[in-house]
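The same subunit A turns up in both complexes below, where it pairs with subunit B and then with subunit C.
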Partner chain A sequence: MSHQQDIKRIMHRRAFVGNALRVAGALGIGGAVAGLTVRKGEGRPWVWQIDPSKCIACGNCATHCVLDESAVKCTHSFGMCGYCDLCTGYFHPEPIALNSGAENQLCPTGAIRRTFVEDPYFEYTIDERLCIGCGKCVKGCNTFGNGSLFLQVRHDRCQHCNECSIAIACPSQAYRRVPADQPYLLKLREAKG
Partner chain B sequence: MSRPCPLSGHRPKVGREKARVRVCRGGPRRRSGTPCLTSAAPSVHNRVRHGVLDLRIAIALLALWTLLSLPALAVERFPPPDFSNHQLPVTTVPPPQFAANPYVDVALLALALALASYLAIRRRSRRGLFLLTIASLVWFGFIRHGCICPVGSIQNVTLAIFDRAYAVPWAVAAFFALPILFTLFFGRTFCASVCPLGAVQELVALWPVKVPAWVDHSLGLLSYVYLGLGVLFSATGTAFLICRYDPFVGFFRLAASANMLIFGACFLVVGAFIGRPYCRYLCPYGALLRLVSRFSKWHVKIPPDECIRCRLCEDVCPYGAIREPTVATAVTERRRGRRRLAVLIGLAPLWIALGFWLGTRLEVPLSELHPTIRLADRIRQEQTGRVQGTIDASDAFRNTGRAPADLYRQALALSAMFRTAGGWFGAWVGLVVAAKLIHLSIRRQRNDYQPDRSGCVSCGRCFWYCPVEQAKQGWIQEVPGTGPLFGENSLPAEQAAGRKMDLSP
Partner chain C sequence: MAAQAKPVHLGVLIVAVVLVAIGVGAVAVWRIDWLGEHGSGLSDSFKYDLQKYQKIDPALFHYHLVAEMPIDMRDPRAIAIGLGDQILVAGDKAIYVYSPLLPGEGTGTSVSPRPLGEGPGVRAAGPTKAGRAVDSPHPNPLPEGEGTTKTISLDSEPYSLTVGNADHAFPGRIYVGMWDHVETFAPDGSHLATWSKLGILTSVACADKVVFVADAHAKVVWEFNPDGKPLGQIGRRSGSRQGPMFVVPSPYFPIAMGPDGLLRVSNPGAHRVEAFTLDGHLELAWGKPSERIEGFCGCCNPAHLAVLPDGRIVTAEKGIPRVKVYSAEGTFEGVVAGPESLSPNLAAATETREDLRLHPVSVAADSRGRILVLDPVARCVKIFVENQK
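For the complex of A and B:
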């Protein structure tokens, strides 16, 4: 009889110790993870972005995104643009004429719109619905122009993969995580000094 | 001072010379004062407007000039005009769109976990678990594209520990912690019907075969190794390996590289015969949950009352997680077992030390995944003429104008880090092996057929098929015959199932 009671008491004590350990473990895990979250008060999400100063416009952005149509698009920093008549981001290296004929254009999808502003300036805007992020214009603009065209992950399209598939394929390590409330790395013209 | 344009003799505006370009964090909140992107460079000429022939000359000259002036990436060659009556368009910066609000996501995860635990442990409803599995597959898999998931979140948490600049988002932290907390109390109910990766495999486990115990145990160690690798590569900031080789996320997104789709398809085909191959032999989060589940407060129970030892549960578990009752062992046997255990425990530090030593030798293969080390290797090979030609990565490096020696130095520092990290990884593998051996040699006494707490994913098949349960639920009239149903005289499963029919009045 007393043996039975002993066993019961032991079981009881075991259950109590077990529960105490479990609660301690739960608090430990919860606390540690919460600590990581609130460290520096930055539990905000992060997203992927291209550092335009590293991008070499290799073309991988167009093909390696998990989306069929890449989340990366050409972005234009208008303040840097020279508004050139001969835009080397817009025109083929050897254009037949300086007009919007498809044979003169560098962009494979005709995503860049060229509009006349005032003599001799033309404005170039990107139609994001057409742009595939191939970076041909970016290369042209960087090589011969002001470099005002550059590639960016457009966050209205990006899926925010935990590991970006393009980042794996990027030869110049141009991808990095940035806080979601500052999700772009734009090229801007610095005030003249 | 400013040089005249070689073609038109035009002098660019003085003062624009020093114009610089910078990269700035844009978005709703802009921060200024970020470092300069390029150094000042003189503008060569202002505007080309001479006809196509001249254009070509100009381009050729410019090309030459650009080549000579590398690594200038963005150069203000053509001063932006000052328009009097033209408003420059604004560069749009659409804010990130998350497919679901993180609060909703985390709330749904908690709800699904609570529901799964309730269905597995209180309601004991296989049908309910199955429906929840499908719902989770649809929501966490196809709608949320299987990302972020607790399996991958291990890496975010690790990165946050090792990289001071990265703070793990709270929703990701919740995804990491919630299933572990639930497992601590209810067993792997997350795996039962919340995890989308588990759900796919649950649905294709059609003709499961029994995997021999030693194969099962050995392959099961792989998931701990994979966990170690996942932690190693995220801690060193190299890669998120677990995400990169997630076999099913491609199906959820309906997009992936051909290789990954084939990889995933292989898992599905194998999964038809070997239940949940990813869960059992690879999943690093499953490895964590297996450890935690061992200490869970509650766990699915097969017979609600006394086991009649019909072995139906053992037959029906596709994941080989049912442990049979133990036979009593002789005292001498038990004593020998205890001695073996003592030896194994004594050997454990040796395993760990051996692992550490072997791990430090893994420096080269491990560090090969790091882009900087790969680049340094490539540059060295190109410089010593061991490979011909260049690749995009080496071109990109040359364009930065950085000295190769600088890159080599960085690569060497990284290598040293990988040597240490490899050592810890090896020690971890040693510990896992030692723990496995110790665990295998501990004898436990079981009177009933019981699910193995770590291997069982709480899918509910075992109690669904259990005749005792069926009688209790009123699906059959009576528990089929009793008798000495274990040992030599145990009843084959088919017969026991047949008996169920005979007994209905």
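For the complex of A and C:
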């Protein structure tokens, strides 16, 4: 009788050890999954971007970036553009002539290229090597035109500083962090496709 | 003998440090450029400055503001003059019909008409209180006891509006330009018809037996009979019609019918006003691009048109908000309103809209030559009267 009780106790002990191992395994697997999930969430990269609906094109983007040449560039939403002959983002308010003469251009660095499409339409493209992100063309386009020119942080240049010096200087709170897999904030119509 | 060092109390030291910290903090907060007014540090060549074009020589103002009618709408978009100089304002899925102004020159500074009724359908006129001059010793421009006559409900947002005059086949019929189609209403406000879909409608005008509808998407002016049957179009070269093509970069493409029987069409990309006969032949064109007062500023102007009873043309511009009067042949005559007398936000130098629709001022002229300017930002109708010569 005593021997049988010993066997029963041993079996209970074995069952206990087995159950303990199963629980430990389940906890381990669950913990590993949870850990990986949390790590993936924590590690999701975020980048700085300008909300074009808040940007007032004040010019701070050109001067407050830590880079010598700002990471902010003008972006052109072709879907919104009117392809005007007299583009107020390209020309001075009172141009001498509607041609690409430097005296007629609004951009201080000549970063907008004007290309004839068909009479009377012209296409305007940004030369990002020359653009410093001053936003002068953005103001011209917003004031009179369709607002197709707007500023964006270009992520091939941005250093992704933890504390963006332009964001600190932005008077309209237009800077915010966006997921790196959706790094641009396009204007409404463009975003809708 | 060495001077004895004076002991510094710890409390004094802490207070001094706290005061210095507060001072530094205050200076730091004071130096924050909340509104971007301190500038970017860039030279003047990087600044976009329209100030010199926004200042208008006072001698050029040929009209003066005599009254303002607040419009109880969130988003008023269009104004028209109806039979007997009724004032119609469209917006917020409705048309408000206001009583005519007094025959005399309204001189109140503010009037407050209220539309009747809410919800669908038409509410009949009632003995509503007419607008009263507020804080003004001047008479009320609205007749006593005859304020707003009715409200016409719409299914969607209206963008343009016109009313058949006494010479029209159906005097008093209301034509409302919605986003892509026209709705018609009888003078009593009952719904008559919904016309077929077009493109992006920006303006409606009517002659005796023809209704014109400007389409910014197709860049043409459609011609219909008053029941919505298509008759033709202006702006597309075909057959005997070899007129100019319209350049419409954005949805600002106004038209207006003149007493001389010519349809005035703004060709906004060309900064011209063009006059067409009813069968679509170009009679004359005038206008030039310029930020200066005699020209049309920006890339798409004029954004609204109206015709005075004597045939002179009233133009409204966006960008630099200004309302001007030209002779029927296009000679600049004078200014009605400039940036100083319109809402500051209409001068959209820092405006950052997300869509293509920036609502500029709309204009209309009543039979007495008064110019009514719908200011969508201030949500009021500003009434201007010509200066005594």
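Note that the second predicted complex is superposed on the first by the 146 of 193 C-alpha atoms of A that agree within 3 Å, B and C clash if a C-alpha of one lies under 4 Å from a C-alpha of the other, contacts with A are read in each partner's own complex, and residues count from 1 in each chain.
We adopt the following convention: a residue touches a chain if its C-beta (ideal position, glycine included) is under 8 Å from a C-beta of that chain, and two chains touch if they have at least 3 such contacts.
In this text, all values refer to a predicted model and were calculated from it rather than measured experimentally.
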item: Which superposed partner A:P108 touches (first subunit B, second subunit C, both, neither); value: second
item: More subunit A residues in contact - subunit B or subunit C; value: B
item: Subunit B versus subunit C as contact partner of A:C134, first or second or both or neither; value: second
item: Subunit B versus subunit C as contact partner of A:A62, first or second or both or neither; value: second
item: First (subunit B), second (subunit C), both or neither touched by A:P183; value: first
item: Touching both subunit B and subunit C, residues of subunit A; value: 52-54, 56, 58, 60, 80, 82-86, 88, 93-94, 120, 142-147, 171-172, 187-189
item: In the complex with subunit A, residue positions of subunit B that touch it; value: 15-16, 18-31, 36-38, 47-49, 52, 55-56, 59, 62-63, 66, 73-81, 83, 86, 88-91, 93-99, 102, 145, 147-148, 152-153, 155-157, 160-161, 166-174, 176-177, 180-181, 184-185, 239-240, 243-244, 250, 253, 255-257, 295, 297, 371-372, 375, 391-393, 395-397, 399-400
item: Residues of subunit A that touch subunit C when the two form their complex; value: 52-64, 80, 82-88, 93-94, 106, 108, 120, 134, 136, 139-140, 142-147, 150, 169, 171-172, 187-189
item: Touching residues on subunit C, where the partner in the complex is subunit A; value: 33-37, 39-42, 45-48, 50, 53, 247, 249-250, 269-271, 289-292, 297-301, 318-319, 347-356
item: Subunit A residues within the subunit B interface of the complex; value: 18-19, 21-22, 25-26, 29-30, 33-34, 36-40, 42-47, 51-54, 56, 58, 60, 66-68, 75-86, 88, 93-98, 117-118, 120-121, 123, 125, 142-148, 154-163, 165, 168, 171-173, 177-178, 180-190, 192-193
